[in-house]
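Please find the structures below.
Shared between the two complexes below is subunit A, which has subunit B as its partner in the first and subunit C in the second.
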Partner chain A sequence: MTRLLGHLRRTGLGLLSPSLLLLLLVFLIPVAIMVPLSFRPYLPGQGIGEGWTLANYTKLFTDAYYYEIVGRTIFLGLAVTLLTLVIGYPLAYFLARSRSRWRHWLTILVVFPLLLNLVVRTFGWMTLLANRGVINLALQDLGWIEQPIRLMFNFTGLLIGLTHIFLPFMVLVLIGVIQNIDRDLEDAAKVLGANWGTTFLKVTLPLSLPGIVSGSILVFVLSISALVTPRLLGGPTYKVMSTLIYDQFLQLLDWPAGSAMALMLTLIVLVLVFLSGVIARRFGMQGSVAQG
Partner chain B sequence: MATATVTRPSLHIAPRLRRAGLGIWVVLVYAFLLAPVVVVVLASLSTTSYLTVPPEGITLRWFFEVLEDPGYVDAILFSLVLALIATAGSLLLGTAAAYALLRRAVPGGEAISALLMAPLVFPGVVVGVALLQFYSLIGLSATFAGLAFAHMVITIPYVVRAILASLAGTDSNLEDAACVLGANRLVAFAKVTLPLIRPGVVAGGLFSFIVSFDNVPVSIFLLGVRQTTLPVKIFTAIEYGVDPTIAAVSTMLIIVTGLFLIVAERWIGFHRFI
Partner chain C sequence: MEPRNRALGEGAAADLRIERLRKTFGAVTAVDDVSIYVQHGEFVSLLGPSGCGKTTILRMIAGLIEPDSGAIVLAGEDITQRPVHRRNLGLVFQSYALFPHMSVFENVAFGLRRRPVAEDAIGRRVRAALDLVRLGAHTDRLPRQLSGGQQQRVALARAVVTEPRLLLLDEPLSNLDALLRDEMRVELKRLQEELRITTLFVTHDQAEALTLSDRIAVLSEGRLEQMGTPEAIYHSPATPFVAGFIGRSNLLDGIVVGQAEQGVRVRVGEGLELVAAASGPLRQGDRVQASLRHERIHLTEAPTPGMANSFPGRIVFRAFAGAVTQYVVQLAGGVELQVETPTAAGRLEREATVQVELAPEAVILLPAAVPAA
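The block that comes next holds the complex of A and B.
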């Protein structure tokens, strides 16, 4: 008994066991239980049937309704990733290289939307993007448009909302790598005759590539997993994978199909996070996606 | 030949233009980041019973309506209690876990820390539906305990990460010295290490509290019929139709979050933990 206690203390397993027990019972086992459920047939009106079936998975690729939603989710994730990268890189560069004493507060200002409640931020975008929202009314007042443009309940709305939500993540990851690029390298390139554009393309950009990759994977993974923003800005009809899972569990009550889709989403996320870890180790980076 | 000299950018003007361009871009991005926040605050002040920006007239009426609405008050209290309990739990478990990972020779330590961090990137909606099924199997459906455990799972990575960052900068010999001088392990930790990692504990606790208080994707699947958290209440209220009380309660969250962040930055230099 004392030997066991000694072992638990030396290996730290005694201190770790409460957390591991919690994660096992409230995370790993519940997710694992979805696996058998996802192979069950669903009988409308009766619930979960007996026997096993692959139908919940095959329809993700064969049923037009489903593969459109899967494809849309992935395309949206890619578009959001690209947009946050293009918008965020210059800001990250500015913040990483700034010597201003306001720098910390400017960084905090990027973090502020991140910490602000997601429902509140999305509500702000609804106020801006609705048919009678701020943007449409302003454009009508200016006489630039006569009918309101549809900015919500479609791809545009989700793209704007999700880009806003995940931009801070991209910026924070990029600040981390750009800060670590030795300024002397840029200066050396300039001394050797490179102009600003060449220096950026041949020195700064390649050196920030690990951050670009892990930031992109992080933003992609978070975008395809997001529920609140797609639900509110997409409405009940314009669906992505996560909102379809939500409907299948709470409204259609087709838990087997919902489980299959949830596991599919999880699989995509886990593969990408694993890749991100491999890339981070390869470049000897400290902050992989898994570490935030 | 005058044109040739005119179109050639001067060596002194180009960098200045570039800096100005970058400056403009930065301002535009901040405008984009803050636009929805500003709009919500403005909408909450309008005297009209529908949302208008810029507001027509100025009133604080909608804020009083929120505070007098038992639905909102109950939701705020419920969220606060839940976030406090979840944070207390994940601080306790997360600090112990981070300490073990850094100061002990944990077999499979890398895999264990990956597992502890997993809820950070795991889709919230998947955690939500998995627990919905699991709790209905074991009879924890719609219970406060079930919800609190779920919130500990999603907040523990933030605590572990912040404590690890803080603990990495401390010297383990200090604690050993305290033990040599007669303190037991627990006292040595409490009197020596804990004060040193206080910023990490505070940052982890703040993150944990915010993450729990804000959560929708997990909570929404686990709440009972009469229970609701504040963000879930706002979320469902928006689906029924928007009105200025939603803007008012949102503005309250904006102000509280802003104050929170300013205090945290002054207190522990919050930007180091992001």
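The block that comes next holds the complex of A and C.
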């Protein structure tokens, strides 16, 4: 007991304990309820049955419908992450390095979408992407296409919508890391004979890896658990795990299956966060800023 | 003795000429029409207070800042428009700028890997450069595992390993503590003499500039105030700024009142006339500024016969500073002079009456400072 107290005092955890307790109460207890629930059988028309079963989990791996959705969700998450990284990195680099007096306005512009309601933004995309939406009508009027391109209720629609919504997160994380890279390091590489490309590949990029990793985890986790955007842009038929879980709970009232899927999603996230931590350590990314 | 820098080679160094260099940032003129010539193998310091433009000049030579006008000529070749990575220079940053994700070896090898150098030659030259800075045993460490002084040495090795034509040093010693700084100062000079590399050294520390340099360029507010050997800068400052910045001087405003046997007579205060060994044409009525170095003023008990400048005074302040003792002496007419004497010369108490003496050669006459607008 005294050892525990000493430990709490040293690490400062004791100071955190009131808020820690609250967090445990709010986050862990629902999970703790869901774990046994996910092993219950579901009786159509009656609800949660008696006894224990693994059926809710085996279904996820054996039923083609379910594992397609699991695979689609992960693939969508990876695609959104990659796209936000590819678009976000140059943007973040520019914002972190620019000495333009417009810099602050541009940063605000990046953050601005976050100030708008998610549903409003998604409806905005719907008016753009729909079969009789702005993009398709414009392309048809220009005579470039005969039939409207399907941009909604499919992978393309979700990719566009989610990339737009999560881009600011990626950019903000990257700006912080790139700003902390000492400009002298890039100058030193150039003086030593490295051109722009080599300087970027050998110095800037390796030193921004911590930001790339944490930004990617953030965007990936947010994309695979996003609900509103997939629901609106994916429509009733094109489902991902989050919308499927929603339907299981609220429309089919199949709480056990919904719990199993929700825990599966959580597991995927935890595994990926763990793996990226391992990768980060392998690349020796403890600190990116030179001591001076 | 076998030269230690065999693998590094010699003779790559070149002479540097910068011509009428100008750079403005917005409304601020950082560098104003500066021309400097650095000979092959010479060690030249750019000395000045912060904001005088010395680092801007250095970065323009490196190619990191583009000048508004003027030319940078290295070994007779105009490199003003050449991109940074093709200038073949060595630069040591104030922050050292070691790549934190690379080992000491890879840091030093970075420049060689950008050039057509064979892998075994890279290994040999990196080790030679690290031996040169006495860091041969630390090749596998990361920069953050080294002390400040060791990081400094790695930065030096990285800058010289590519045999640059010119070595640029941007206040490389200012992040070290005092003892280490003195040690590195000696190391730096030894290295430069051994490699005979043309070196431009930026500093705000006059002691560093005086001890290291073949010549010093003193800068103030973007302009070149004076360029010369450390001795010339110290003993014959050309402007009030240089007189005030290098060493410690009493600056007194005065008027030339007539000729004297050993030079000119200058009135610097009520009933106080100094004899100065005049250099250059000075006429009666010219406004001048007299610069009197603290350590060239002597305090005696009685007037020395034949001494041109000898005035009675009273000690109003005394401070012991180790090897020297500082005094403030008030002369007749209220003029106060700061004086520094060797502590070994004896101790004078406050309120004591003394004779203040200085040779005409110790009175340096400068053009009067332009009144502040």
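Heads up, the rule we're going with is that the second predicted complex is superposed on the first by the 243 of 292 C-alpha atoms of A that agree within 3 Å, B and C clash if a C-alpha of one lies under 4 Å from a C-alpha of the other, contacts with A are read in each partner's own complex, and residues count from 1 in each chain.
The working rule: a residue touches a chain if its C-beta (ideal position, glycine included) is under 8 Å from a C-beta of that chain, and two chains touch if they have at least 3 such contacts.
Only a predicted model underlies this, so the values are computations on that prediction, with no experimental measurement involved.
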Touching partner for A:Leu250 - first (subunit B), second (subunit C), both, neither: first
Subunit A residues touched by each partner, larger count belonging to subunit B or subunit C: B
Subunit B versus subunit C as contact partner of A:Gly12, first or second or both or neither: first
Subunit B versus subunit C as contact partner of A:Leu151, first or second or both or neither: neither
Touched partner set for A:Arg121, first subunit B, second subunit C, both or neither: first
Touching partner for A:Pro206 - first (subunit B), second (subunit C), both, neither: second
Partner chain in contact with A:His164 - subunit B first, subunit C second, else both or neither: first
First, second, both or neither for A:Ala194, with subunit B first and subunit C second: second
Which superposed partner A:Asp182 touches (first subunit B, second subunit C, both, neither): second
Set of subunit A residues, in rising order, touched by both subunit B and subunit C: 289-292
Residues of subunit B defined as touching subunit A within the complex: 14-15, 18, 22-23, 25-26, 29-30, 32-37, 39-40, 43, 51, 53, 92-94, 96-97, 99-101, 103-107, 112, 114-127, 129-134, 137, 149-150, 152-153, 156-157, 160-161, 210, 213-214, 216-217, 220-221, 231, 234-235, 238-239, 242, 246-247, 250, 253-254, 257-258, 260-262, 265, 269-271, 274
Contacting residues of subunit A [partner subunit C, same complex]: 182, 184-185, 187-195, 198, 202-203, 206-207, 284-285, 287-292
Residue ranges of subunit C touching subunit A (in the complex, touch as defined): 62-64, 83-91, 93, 95-101, 110-111, 114-115, 143-144, 151, 158, 162, 175
For the subunit A and subunit B complex, residues of the former touching the latter: 9-16, 18-20, 22-23, 25-31, 33-34, 37, 87-88, 90-91, 93-94, 104-105, 107-113, 115-128, 134, 164, 167-168, 172, 196, 218, 221-222, 224-225, 227-228, 231-232, 242, 245-246, 249-250, 255, 258-259, 262-263, 265-266, 269, 273, 289-292
